[in-house]
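Quick notes on the structure that follows.
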Amino acid sequence: MAAEVFESFHKVRPFECDYYGHVNNAIYLNYLEFARMEVLEKKGFTLTELKHSGLLLVIRRIDITYKWPALAHDQLVIRTVLKEHRRVGATFHQEILRRSDEKLLAEADVAWVVVNPAGRPVAVPEAMRRALGMG
Amino acid sequence: MAAEVFESFHKVRPFECDYYGHVNNAIYLNYLEFARMEVLEKKGFTLTELKHSGLLLVIRRIDITYKWPALAHDQLVIRTVLKEHRRVGATFHQEILRRSDEKLLAEADVAWVVVNPAGRPVAVPEAMRRALGMG
Amino acid sequence: MAAEVFESFHKVRPFECDYYGHVNNAIYLNYLEFARMEVLEKKGFTLTELKHSGLLLVIRRIDITYKWPALAHDQLVIRTVLKEHRRVGATFHQEILRRSDEKLLAEADVAWVVVNPAGRPVAVPEAMRRALGMG
Amino acid sequence: MAAEVFESFHKVRPFECDYYGHVNNAIYLNYLEFARMEVLEKKGFTLTELKHSGLLLVIRRIDITYKWPALAHDQLVIRTVLKEHRRVGATFHQEILRRSDEKLLAEADVAWVVVNPAGRPVAVPEAMRRALGMG
């Protein structure tokens, strides 16, 4: 069964561009994070609530490939899909495309785990597993 | 008696520049905040410890004038001096200068208050008053 | 005749919050800039085109008052209105409100001028004057 | 022959921390970029000069692993070393450590290429090859 694809939208803001006129490489990670937060929210979770229940989502690894620069005023779509999952976390595959022509600007694998306040990985809560399609 | 002047140093990083090649206007506020933190630390306070003791320093107003753009690789000095103080807070005057020629790039008045976790202004702790020269 | 009020919308992203859980004071300037860019675009101008025609919009002064913190996930509206204008620039008044209850979180006066590549103020182009209602 | 190791230093600024109190994942990319710029500068190059000569350094891929969170006020060292090189670019290996105990907080492989203004990869200039030890 195909995994659910989530879409988030963003229009590039001039201050996100560096002195090359391109969106700075670090800003793409802001876009990816924003899109992941939207996935969680659409599924009924917020980081704030998770934190109150003593759980943090932390990023373990990001492997991002930059294919084509995003420029000021570009309309972007960020697509997020579950790629793999483990007991304590999962990996999302995320793509950033230009909406006008669906050109792929960047893609990334983002691995995250759930940890307790001591920083120790713990099992992903069952409600979250179900919501995100983690088998 | 002249107020104590604190100096902080920063070299402009390329990603802080926007697509005009100038440091973006919002980044100057990062510089000012960084310099204020250094003042507190030099005087023996950290925001983390203050937070643990139930106090937050929050900004009430910033009035900043941009005189000349900071550019990538510029060496900057940020000067911070106490300008006024009240029971629950104070105003710092801060200047950002280019080190090579002492040219004034920006200056700001930054008013802050101490609040409790409910967001209610409370008296500045006595130790902090003394450390910052708040009469 | 009442000045035109422009509205921009933004939902606070978690990474915009600092370790107090509040939107960091510098991020508000990103919001204000983003809203000003939207005003220009709605009126048919982009910073990129202006730059190609040899003109830059630069900020001279920002006087911002922080009234109430914006928090992660808050839905915001940024209202921008022309307050004053001069031959070489103008001042916008901008307000940031929480959409759920129209609470005013911050307000600012932002003064800007048009400069040529040498950084010298020049007259605001007539088309821009007309578009922004600059008398 | 062992490759040269470059060191850059940074003290975490409170506004770089997100609402978990950790340095946000995107900010690590700012640290890595800042360290790479320092390597270039130590070797006599600046991005501004390269741009004037019609060349841009662009990032193709970043593979970063987050091992342990950096916190406000942490003193960091960023170590940069040439890992691989090709005709049109190279890959740096970069590590971010906490200075107090040399704990490895994050490490990354960063692949970059030199492009002309049209975005087409071109040979790394000979002077830069020599300076960076690219065989």
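Each chain gets a letter, A, B, C and D, in the order it is written, and its residues are counted from 1.
Basically, a contact is a pair of C-beta atoms (placed from the backbone, for glycine too) under 8 Å apart; a residue touches a chain by one contact, two chains touch by 3 or more.
Here the structure is a predicted model, which means the values were calculated and not measured.
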More contacts between chains, C-D or A-D: A-D
If I average the CA coordinates per chain, which chain comes out farthest from chain C? D
Suppose each chain is reduced to the average of its Cα coordinates; what separation in Å results between chain A and chain D? 23
Centroid of chain B to centroid of chain D, CA atoms only: how many Å? 28
Rounded to a whole Å, what is the gap between the Cα centroids of chain C and chain D? 33
Pull out every residue in chain C that's touching 2 or more other chains. 14-15, 19-20, 24, 26, 30, 33, 47-48, 72
Can you tell me which positions in chain C touch chain A when the two form their complex? 13-15, 30, 33-34, 37, 41, 46-48, 72-73
Could you pull out which chain B residues touch chain A in their complex? 14-15, 17-21, 24, 26, 72
Give every residue of chain A touching chain D within the complex, in rising order. 19-20, 22, 24-27, 29-30, 33, 47-48, 51, 56, 58-66, 68-69, 119
